[in-house]
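You will see two complexes here that share subunit A, one where it goes with subunit B and one where it goes with subunit C.
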Partner chain A sequence: MNDPALVIKSVMMPALVESLYMTFWGTVFSCILGFGLAVILVVTAEDGLSPHKWVYRLLNVLVNTLRSFPFIILAVTIIPITRAVMGTSIGTNAALFPLVIVACPFVARVFEGNLKAVTPGMIEAAKAFGASNMQIIFKIMLKEAIPVMCISVTLVVISILGSSSMAGALGAGGLGNVALIYGYQSFNDLIMYGTVFILVVLVQTIQSIGNLLYNKLK
Partner chain B sequence: MKKKLIALLCVTAVVMGMTACGSDSKENKEEAKGEEKKTIRLAAGDPMKEELINAIKGDFEKKGYKLEVSVIEDPIASNNAIEEGSLEANFIQHNAYMTSYNEEHKGDLVAVGDAIYYPCMGVYSNKVKDMKDLTEGMEIGIPRDPTNRSRALRFLEAEGLLKLKEGVEEYSQLEIEENKLNLKLTEVDSESIPTILDDLDAGICYPIAMKEAGFDPESALAFDPPEIGKEYGILIAVSEKNKDAQWAKDLQEAMSEEKANEIIMEYFGESAVHVSEY
Partner chain C sequence: MIKVKNLDKSFGELHVLKNVSLEVQKGEIFGLIGKSGEGKSTLLRCINLLEKRDGGTITLNGQAADFKRSREVREYRKGIGMIFQHFSLLERQNVYKNIAAPMECWGYSKQEIDEKVRELVKIVGIEDKLYEKPRNLSGGQRQRVAIARALSMDPQVLLSDEATSALDPQTTQSILQLLRDINERLGITILLVTHEMEVIRSICHRVAIMEHGEVADCGKVSEIFLNQPGSLKRLLGETAEVLPEEGVNIRMVFKETEENRSLIPDITCATSVRFSVIYSRLEKFRDEVICTTMLNVQEEDLAKVTAYLDTLNIRWEVALHE
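So, the complex of A and B:
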């Protein structure tokens, strides 16, 4: 069994950095892309600003299909695509590709919900004032939805942190990998539960920041 | 009133379910205490091992037993199942792993006899043709699970590419003292190594993984030497108390038949596996 102090310094700390790296960039990219998807879904819906039945249906199917994939299954299925896009299929950067693809649909759905929850009355009033669709989307809907979107982003961050725990299978490292290999498979309860503890602290912190932002912005 | 009735129904259902589960395992325990064990539950570690067992199942059952085969991929769960009495035997691990399991979980698992077969570990590559072509800074994929990672590191040491700390039972990258070519050792799931060989300069894994990914298991640049390989033979593990049971001996015999050896050699290729003691 490995000496715990050495494992903490040489394995857990780098793994923590890897997990944070994957979670941060995974969140950034999936939120940008997911927001775009959400806007299209909201606008082209039947009750949206610019209904387009087929665009909406197609996008819906795409989002649902991608959401059905567990992260690790998607990651191994698209290895050739990841390799073509990222240059390699292993490592922390390569893992971002399937992470973002899996998270995007989830982001799209939560943001869609947030945007749709904006009071219809406000949108009607804006239309009456002659606002363009773009103005309505960004100045009314987005502005009103930002506080709840902070809560959504909190959900997304925690979800991506969870997915990234499986990324170790393809050489991306991360805390999940440490818990599995150095904890469970090495029969070392201290490391296994220690890693879980770090993750609990991380999630608590992220959730608290999200709540704080919500309260400040609403 | 309606809500209370539904709640009562749910509680009753749960209690009945739990009693049913309880009596089920009690039945198994009673059978387990019996002298003449007729039904043998054997868990294979993967579908290939399951196939092998099924091939000799007929011969084993001719001796008056019933063999129930299942696949349990997690060796810890599989070993725990033997310890708690849900399984009689498993066919998944080598001696090194079983010993470390016993140490950490205060288990009493023993091998029935010699290992059934000894798979070699190979260095495979889509980029280099010879071990000599491995140069400075190349990236080698190694298994991330502790026992096989240790074997891969010892393999690299035997090839003269690494120097490891002495006196350690199970090696991880923390015990590397010297890395002559500054090789980057990337730890991944050993089953994935064949699929990602294009992203590595070379990978170290088992022939079975290559075979299942559709590649030639015998196409290794090198296999690890017998001094290392002999510790990693896959064996049939049982609880200590069943070590000398007649069924255990019969099972070992059936798995060691010529028919079984032929299947193994055909599956892996003759250079990638040994079927008898080194």
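So, the complex of A and C:
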């Protein structure tokens, strides 16, 4: 385990692929679900397009509750559901489920903020020319919010990457798993700090891409 | 054209509109003026149903604005263009897309949209800015884009909510000229809300002065300025005039016409009273000119002078010292 080339080839690379896999699909699913939640939150809020006090309150409580759970605890708590949904409770796919469940309310809150930041004047103008609520959400709010939402997605990707490393402790594989088992528990500093280095590079890259997109889109 | 009857609206405890009635005629430019917080914007927003009214009726072209289905509300709004103080443009879309937005929402074909957008930018005079983003435009140009967008659905009425309040005086004038032009060339009725007397003076045919959620006075702009009702004085804020302490000061307000151009010497000839002219100024109201003159006469001559003014049908009042 002290031959760097071998370590990279047989340990780091597969772990990197697993991490990216979890992060990518975790982001995709949580953004889709989170966006849906955000739209419902924005629309049903008191000052929204079609206020529904109870729908909003219920969702609000649900989102807050899920966000209160530490990731590890939640992942363990929902193991039976994970098994029912994903068919297994070990491995990358099994980790994906709690990752999405945790990220989803986070995404919902961030997107909610982004959509709410669209100037009310624009929404008013759209109402005045006879746009429907659907058109206001997708043609006005979403279109105007896209640049900031890019920044938000960047935040989400990095946060999921972080959670996925933690998922390593639950047998999900990935870089977190490598750092923990091959590095920390085996007293192998090269592997432990090597993994951290890879994570640092990943986070930097993701943030740069996010900023670049924001500047392009705004 | 637009009939508002007994309109009532409250925001919680705050009674914003109290039994407001007014009628806007087809083809005119009607101004609603008042201090801020007097309910004029709310009235405007009630007319295109952006705000729900608590009571009263609104009719547009004889059709009552009472709708159950959202589709009907949208159809109704389609016939009413609206412009805002802060333009309310889509910041990420260029001018073309901004003007096209309502037509896209209403499912117009690409070709129809293209023709209309090109026609509209010509009307509002921003042909060269078609592919610019709003952030690269000046305030006046932004308002022109908003006006083009408001006209894109061929509305019968244009509502303007403080459309010139964020603009400098020169730009305000150019936007007002554009609105007048649109009113005259396209025959679009305009109902505008403003707190600037200048707007009323330059383009409005009729005006309603709002005070505490009620229409205090309503009528032809020049008539209102001739009559000088209390609401107008309160709105203009009586500036402390420097007037002579001795004698009586008479303020006369009259239309500038051929006959009364020589009013001052006429008074002297007819009454042989000696008096002094404190000031005299001309103001333009759309296309009419109104003259305000302040005279100072001796107490004993007052009856003579005012009797003569009455024969000429010239409105006068005694100006009081502060």
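Criterion: the second predicted complex is superposed on the first by the 213 of 218 C-alpha atoms of A that agree within 3 Å, B and C clash if a C-alpha of one lies under 4 Å from a C-alpha of the other, contacts with A are read in each partner's own complex, and residues count from 1 in each chain.
Methods note: contacts are C-beta pairs under 8 Å (C-beta built on N, C-alpha and C of every residue); 3 or more make two chains touch, one makes a residue touch a chain.
Predicted, not measured: the structure shown is a model, and the values here were computed from it.
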Fit or clash between subunit C and subunit B when superposed on subunit A = fit
After superposition on the shared chain, which partner residues are touched by A:L66: those of subunit B (first), subunit C (second), both, or neither?
-> neither
Considering only touches as defined above, state whether A:I158 meets subunit B (first), subunit C (second), both or neither.
-> neither
Between subunit B (first) and subunit C (second), which does A:K127 come into contact with in this model arrangement: first, second, both, or neither?
-> second
Between subunit B and subunit C, as viewed from the CA centre of subunit A after superposition, lies an angle in degrees, nearest 10, of 150
In the superposed arrangement, which partner chain does A:Y184 touch: subunit B (first), subunit C (second), both, or neither?
-> first
First (subunit B), second (subunit C), both or neither: which does A:L49 touch?
-> neither
Examine A:T88 and indicate which partner it touches, taking first as subunit B and second as subunit C; both and neither are also allowed.
-> first
For subunit B against subunit C after superposition, the smallest C-alpha distance in Å amounts to 39
Contact residues of subunit A, present in both the subunit B and the subunit C interface = none
Which residues of subunit B touch subunit A in the complex?
-> 76, 100-101, 103-105, 141, 144-146, 170, 172, 174, 186-189, 192, 195-196, 198-200
Contact footprint of subunit C on subunit A as seen in their complex | 119, 121-122, 124-133, 135, 139-140, 143-144, 146-147, 217-218
Contact footprint of subunit A on subunit C as seen in their complex = 48, 50, 70, 74-78, 80-82, 84, 86-93, 101-102, 104-106, 146, 149-150, 152-153, 159
Subunit B contact footprint on subunit A (complex, rising order) | 1-2, 6-7, 10-11, 76, 79, 83, 88-91, 94, 168-171, 177, 181-182, 184-187
